[in-house]
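Notes to accompany the following structure.
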Amino acid sequence: MATMQPPADPEADPRVKAVFDDIRATRKTDFINNLWRVLAFDAALLESTWAEVKRVMAAPGTLDPLTKEMVYLAVSVANSCSYCVHSHTAAAKAKGMTPAQHAELMAVIALAAKTNHLVTALQVPVDPAFDVRA
Amino acid sequence: MATMQPPADPEADPRVKAVFDDIRATRKTDFINNLWRVLAFDAALLESTWAEVKRVMAAPGTLDPLTKEMVYLAVSVANSCSYCVHSHTAAAKAKGMTPAQHAELMAVIALAAKTNHLVTALQVPVDPAFDVRA
Amino acid sequence: MATMQPPADPEADPRVKAVFDDIRATRKTDFINNLWRVLAFDAALLESTWAEVKRVMAAPGTLDPLTKEMVYLAVSVANSCSYCVHSHTAAAKAKGMTPAQHAELMAVIALAAKTNHLVTALQVPVDPAFDVRA
Amino acid sequence: MATMQPPADPEADPRVKAVFDDIRATRKTDFINNLWRVLAFDAALLESTWAEVKRVMAAPGTLDPLTKEMVYLAVSVANSCSYCVHSHTAAAKAKGMTPAQHAELMAVIALAAKTNHLVTALQVPVDPAFDVRA
Amino acid sequence: MATMQPPADPEADPRVKAVFDDIRATRKTDFINNLWRVLAFDAALLESTWAEVKRVMAAPGTLDPLTKEMVYLAVSVANSCSYCVHSHTAAAKAKGMTPAQHAELMAVIALAAKTNHLVTALQVPVDPAFDVRA
Amino acid sequence: MATMQPPADPEADPRVKAVFDDIRATRKTDFINNLWRVLAFDAALLESTWAEVKRVMAAPGTLDPLTKEMVYLAVSVANSCSYCVHSHTAAAKAKGMTPAQHAELMAVIALAAKTNHLVTALQVPVDPAFDVRA
């Protein structure tokens, strides 16, 4: 099932082809996953989304690539995005996530969800010490 | 506002006192934040919640403590838990998160939320390559 | 803070007055909580919302009133609605929820959130035995 | 699709076998559903998750088993966990949920979601009477 | 997979038949989608749900039908409801949503999710100017 | 409470000043709301976020500005972002949302949330007719 038909020949559009080429070059692979194939229905949306993914996830910074993938995966789990959970689990493994790290990540996500719900249920007041203006 | 009154003198209960003592010893601080003060309404719930937090977050493992805090924070953001966002931002800073890392973390969380919603809106089919059984 | 000003004299509108009178009669109290005061900005929305609350929560059925309040509270926690958590905790207590039941309810909600996130993170396939058509 | 391969022969690991045996004994059935089969990838995570499920859901307390299942189901719905909705609907039926109760439960969950969103959209201020410290 | 079996011959129940007839007449089509077929398990729930959908979505008002469908779709995306995303995308197209509008809608939903998470992560204080009582 | 201190004199940074100037020019007002003041902690994040908001929300397109604000508000409600609900309610009113439209918008959001939860609870199978590839 899907709600948007990916174009049959997306790279016939030179803007789409340019993005796909950049994905292949940046990721050093020929594999273009379905998110990009579907986003090709609108070249502007494809371009801006890929530009942001490339800038945030692929450019050098102060967080290492695996940490960023695990954070991305954690948000995707909490937002219940099945596709995203699949793609970012695969990406985290490709960036070196070991089975032991995977298991620990699961334990952290599960615990966070648990205490998130407990705190909301009990409406715990924020400690003044946690206010950045304190 | 709150929905659960923390006990006036929680450490009068020896089970609560034991947990609070362990929190102080584990975290090397006298500060007991409100989550634990409120959970003290039920010693069993307090004990089991702290035991899990201690095991998952404080025990040595394959993920470093800052990475775990950032993942915890990311889940708390996606679950819209204001208290949790405050407490885990403070904890991440206490574990060394720099302003530059904080900014990058914000960018990753924001991007994940954006693509989570795009993917759900477009109902992108999972690539067979992402199936672990493939 | 609020995004909708409640009318200054809501019962000047006979449709609002009729709903408020019915709330007071149904709940056997003079207290009209803020949800209804705010909804009074639109008599039709107030009428239809109250009619549904009355029918689902106050009419006799096969679930007892306390069970329904606890389910309502659980959904409100998962949807991160602070007002709703406050109002339905108060309602559950008014309908007899004991501190021990409150603590158990917290434990069930927390556990559900934890396994919800674990299952989503691991994308556990639904067992054929759980398909109602099986 | 899945993101974690369940071990081919999980009970070859004595820690996994011990948990599976306890699940079978506690539930009085030979059926081990997929959640446990997948969690078997990490014996510690399997053990701690099952221990919590057993303690919260199977131990005697002040809430009856069916009420706890309906609360669990309600949270799972709000968190959009398809697997969890399937498994806890099946569990609620196994614990005696009648079709009439099922229909009422649906009506409560639906109404809660509706008013949760209304309240958030209107940013209704919490009534002072709902503050437990009042 | 499903958790509720739709009745085999739903229109044998005159209350269900009346709703189905009204759906066909209101929508000027013979197509009854699965939501209604499944809700037919409980005539009261079917009647009240359809009555609300008809009143809110089909009755004349101040918002045009396409705008309402796009809002409905946006909420369904944020709540991660795959069925709802499919059905309301189809409905929006049936009411005239063009591919260009679809692409813009995606961009607005994606941006909203992004800034929702940023704002929650940074716990931005509400500007006094945004308080309706200001 | 907040988790990020806005810079005391944000416009001392020329990159921040340039963004603030553009916000003022684009919106034809001197008012810079707190989101931008807080984002000023990181000029790059401020620039990229404002660029996207300007492009998606302020550039001419096929959806009118009020429709986009209502969609933005709807997503913000579903994601439980209190700040966002306040700011986008104010923005929608500034773009002409009447009280009657506001009330209808509330009714659509509330109904969508209700059926989202019903559909998830019942795990309604997607009708083949809703598959775009059909």
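Per-chain numbering from 1; labels A, B, C, D, E and F assigned in written order.
Quick note on the criterion: contacts are C-beta pairs under 8 Å (C-beta built on N, C-alpha and C of every residue); 3 or more make two chains touch, one makes a residue touch a chain.
Since we're looking at a predicted model, the values are computed, not measured.
Common neighbours of subunit C and subunit E under the contact definition above: A, B, D, F. A count of C-beta contacts for the chain pairs A-B and A-D puts A-B on top.
Judged by shared residue numbers over all numbers used at their interface, subunit D and subunit F contact each other through mostly the same positions, with over half in common. Centroids of subunit B and subunit E (each the mean of its C-alpha atoms) stand 34 Å apart. Mean C-alpha position of subunit C lies 20 Å from that of subunit D. Centroid to centroid, with C-alpha atoms defining each point, subunit B and subunit F lie 27 Å apart. For subunit F, residues touching at least two other chains, in rising order: 1-4, 48-49, 52, 75, 77-82, 85-86, 89-90, 105-107, 109-118, 120-123, 126, 130-132.
The part of subunit F that touches subunit C in the complex is made up of residues 80, 82, 85-86, 89-90, 99, 102-103, 106-107, 110, 117. Interface residues of subunit A facing subunit E in the complex, by the touch rule stated above, are 1, 3-4, 41-42, 44-45, 48-49, 75, 79-81. On subunit D, the positions that touch subunit C within their shared complex are 1-4, 31, 33-35, 38-39, 49, 52-53, 56-57, 61-63, 67-68, 70-72, 74-79, 81-84, 86-87, 89-90, 98, 100-101, 104-105, 107-109, 111-127, 129-132. Within the complex formed with subunit D, the subunit F residues making contact are 73, 77-78, 80, 82, 85-86, 89, 105-106, 109-118, 120-123.
On the side of subunit F, the complex with subunit A involves touching residues 1-5, 48, 52, 55, 126, 130-133.
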